[in-house]
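Provided herewith is a single structure, encoded as structure tokens, for subsequent inquiry.
When the chains are written out, they are named A, B and C in that same order, and each has its own residue count from 1.
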Amino acid sequence: MTNNNEIINVQNVLKIYKGDTDVYALNDVSLIIEENEFFTLLGPSGCGKTTLLRLIAGFEHPTSGNILLNGDDISLLPPNKRPVNTVFQSYALFPHMTVAGNIAFGLEMLGWTKQEVSKTVEEMLELVKMEELKNRRPSEISGGQQQRVALARALAPKPKVLLLDEPLSALDLKLRKQMQIELKRLQSETGITFVFVTHDQEEALTMSDRIAVMSEGQVLQYGNPREIYHHPENKFVANFIGDSNFLSATVESENAILSDGTKLKLPKSKRSESFGQKSILIRPEHVIMKSISPEKSTFKGKIYNIVYFGTDTHFHLELPTGEDFTIRKQNTPNEGNEFEIGSVVELVIDEDAIQILND
Amino acid sequence: MAKISLFNRPFEIKRIPSFQSIALFTFVGLYGPIIILITYSFNSSASLGVFESFSFQWYVTAWENEKVQEAAFRSLYLAATAATIATIAATMAALATTRTRKFRGMTLIFIIINQPLMIPEIVTAVALLVFFAMIKIATGYTGMMYLIIAHTAFCIPFAYLPIRARLESMDLTLETAGADLYATPWKTFQRITLPMIWPGIIAGYMLAFVISLDDVVISEFVKSAGQETLPTYMLGQLRRFITPETNAIATANIAVSVILVSGFFLLTQRKK
Amino acid sequence: MIENENIKSQDSAEKAAKVEQEAQRKDVRNRWLLSLPALSIIFLAAAGPLGIVIIYSFLTPGDYTGVIWTFSTETWISVVLERDFFDETLGWADAHLSIFWRSIRLSLITTILTAIFGIPTAYFIATRSPRSRNIWLFLITIPFWSNLLVRTYAIQELIRNKGVINNFLQWIGLTNEPIEMMFTDFAVGFGMTYVYLPLMVLPVYASIEKLDFRLVEGAYDLYASRWLCLRRIIVPLVRPGLIAGSILVFIPCLGAYVTPQILGGGNQLMFGNLIALQFGQGKNWPLGAALSITLMVIVMIALVYFVKVSSGENKENG
């Protein structure tokens, strides 16, 4: 039953915190993470992503369910017996040791020889480009540098899986973007499975091989970024990743009919999937606006607000159904005032842009 | 610009009339007697009226006094021993009572450990006198153990508090990180926790040392004949007659206290 | 098949819960073990002996020292009552009662005096710049860390007949004879005020430091005078510190031994001296024991009272 590539298998994990009310931090979560992949747990605060990470690391036990590493059940193993290392959100560098000392710590605990330890420490310093600072204390280096030391320290013992708990949240934007590229490079160079936790959907989309979107203790959907973005299965996932337009519609065999009767043609793959009252999703960048031709009465809307963003312009429209609709249009060098506030325009949608949601 | 004199100072929100004067007077009053004491310890004449000339003679006399020597060494030995045992016990107790949910009996442990702080010294002194008297009759032992145990007991809460404070302010994630990096609980303590609370342990030790050095009442009641500590020796002197030697001993005691307490302050101010 | 799975997940839930519980139990047990050295030392040298004292208070005095193991409640009675030598009637033990009264009186006076001088001092320190504040704090605690004897001795040097004050007054010709200050209630009160002053300053300082002076500004803005401001805003907010300081002064004063002995001599006995006397010249160990218990009980009552008052404060202020 186990896939050859599978490295972590989370099986029906529950984590309940008992109290005045029982808190279901994880509510029947199941996941498979594959070797050598960059896997991201994505979701808002409180969704359970950090809890799941801690369960994999061993800092807490699941209330029920299993966690398998390479087929072995590690659910009840203490953290110092798991070949899994963590990069903490606060870095948790040991303040009384130097950079080199921090990196060497795990190796010393594992009983490596002095030569092995210093050799690996040197390798790690090179890997994260911190050779010059190896004798500094954590208090003497910058936040970005601390983060790299935390990485090196966790990678040094060559774990099977590296867990990263929102490691980039404390960095400023530019540094963040740099580190995102760095992390991606490190993952492919070392071949170690990375499990990355973040609430930033852009970060998840750019860095991950696969993403699991979580909310309120459950995994709502998981797959590669493209799947998640273009084929979200429910409103939450659709809303959490990227911008969305949700329209209420009745789904028939070939069309989705809006509440004002407008018919939208469904993509071939989605026809005869499910019928009835549904929400449909259309991404703002998948719609083109045209001046309205008086005869055709297809999909139209009235612009009530225009926001300029430099790279593109957002048009906010009101549909005849009363729903809001946003269109994103990339700006070209020669802009005319083609559409103004108050104009009624025709909306042209590629049928593949329509996504039917399950809730 | 109106001239600002004593009487039309601008309205200072924090100023309460006469408080500043009283405060300064208090500081002067607090240090006055001590400074007089120190000054006269260097007085070459024995009287307290006239300051003749600067002289170390009383220090020399005190130092050469065999009884003073014996008492001083005994005090230091006692303080060092009691502080060491107390600090070790206090460290263990602090580790046990911090960074945890309230477990059954935790408040009780806390109360017992801090008990010496809550009971008047004379009561404890009397209790120990009575208890040790029983043991003396039973075993005939009249050595230093009574003093050592007594001092260790009241030193424990003083060592406990700074260590506990240091532990509470320590980042728990560091120990989690240690476990993540394959350290056993013992190794985590040895390589991570201990180095980080070390300043607290030293501070606790110094506090315990000073407290033991300064103790009068309990030492007076617990000691066997001839087992003078420096404070009990002084007490004996003060009851009978005053010699200028006493000034010298007192000043030396002040100096030692100041040095130790300054060290303590420095250690606890540096929150690193 | 489904049934098996349900059983399996139930099993794993139970197993995980058991492991959790076992780990917790082990943790608590370890914590108790760690505390054992400290607990046993203190029990041996503080808590345990107290039990013996209680027992002793019910025994009969021995001839020289120690006790005869005969049960008797005479001692407890003699704490407040005494038998008239001639006609065996019970009357008030004046000697004891006057000592109790003196102890309470002097302790109260000392507490008030330390408050009078301590509150402005605490206020002064709290209103210095943050950097110099630590230095001032340091200065006020240093005298406290020198030996109690040294401080008492310093006062003695000041007020005794051949002491600094008398010498000075005679030197400038204001007096011819030394003023008798030693061995009076005044001496003891003065000494205790001097010795325990820092203990009042520190808690009051802690309270004032937390004071948000914007509240004071608000009061002035609403037309309060300085005095009203002090009375209605500052003092109530500072009360917790005042109460703590009062406990820290009053209770040690009650049980003071060294200071009354040196400055009061054999005349001005306080509670502590009375107790000590029973183990020296008085040769009445059971009485000493009973008196100790009495002192302890009074201290406990005072503590409970103070704690009630201060937590009542907390409830009031919300």
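The rule is short, and it goes like this: a contact is a pair of C-beta atoms (placed from the backbone, for glycine too) under 8 Å apart; a residue touches a chain by one contact, two chains touch by 3 or more.
Here the structure is a predicted model, which is why all the values come from computation and not from measurement.
> When all chain pairs are ranked by how many C-beta pairs they have in contact, which pair ranks first?
So the chains sharing the most C-beta contacts are B-C.
> By C-alpha centroid distance to the whole-protein centroid, which chain wins?
Taking the mean of C-alpha atoms per chain, the most central one is B.
> So how far apart, in whole Å, are chain B and chain C when each is placed at the average of its C-alpha atoms?
Between these chains, centre-to-centre, one finds 17 Å.
> State, to the nearest whole Å, the distance from the C-alpha centre of chain A to the C-alpha centre of chain C.
Distance between chain centres: 61 Å.
> Based only on mean CA positions, could you tell me how far chain A sits from chain B in angstrom?
That pair's centroid distance is 57 Å.
> Can you list the chain B residues touching chain A in their complex?
Touching chain A from chain B are residues 171, 173-174, 176-184, 187, 191-192, 195-196, 272.
> If we count contacts the way the header does, which residues on chain C are in touch with chain B in the complex?
Interface residues on chain C, with respect to chain B: 27-28, 30-35, 37-39, 41-50, 52-53, 56, 65-66, 116-121, 123-125, 127, 134, 138-143, 145-158, 162-164, 167-168, 171, 194, 197-198, 213, 216-217, 220, 226, 230, 234, 251-252, 254-255, 257-258, 261-262, 271-272, 275-276, 279, 285, 288-289, 292, 295-296, 299, 303.
> Using the touch rule from the top, collect the residues of chain B that touch chain C in their complex.
Spelled out, the residues of chain B in touch with chain C are 13-14, 16-20, 22-27, 29-31, 33-34, 36-37, 40, 47-49, 85-86, 88-90, 92-93, 95-97, 100, 103-106, 109, 112-113, 115-116, 118-131, 133-134, 137, 149-150, 152-154, 156, 160, 210, 213-214, 216-217, 221, 231, 234-235, 238-239, 242, 246-247, 250, 253-254, 257-258, 260-262, 265, 269.
> Given the complex with chain B, which residues does chain A contribute to the contact?
Its residues touching chain B are 57-59, 78-81, 84-86, 88, 90, 92, 94-96, 105-106, 109-110, 139, 153-154, 157.
> Which residues of chain A touch chain C in their complex?
12, 14, 61-66, 75-76
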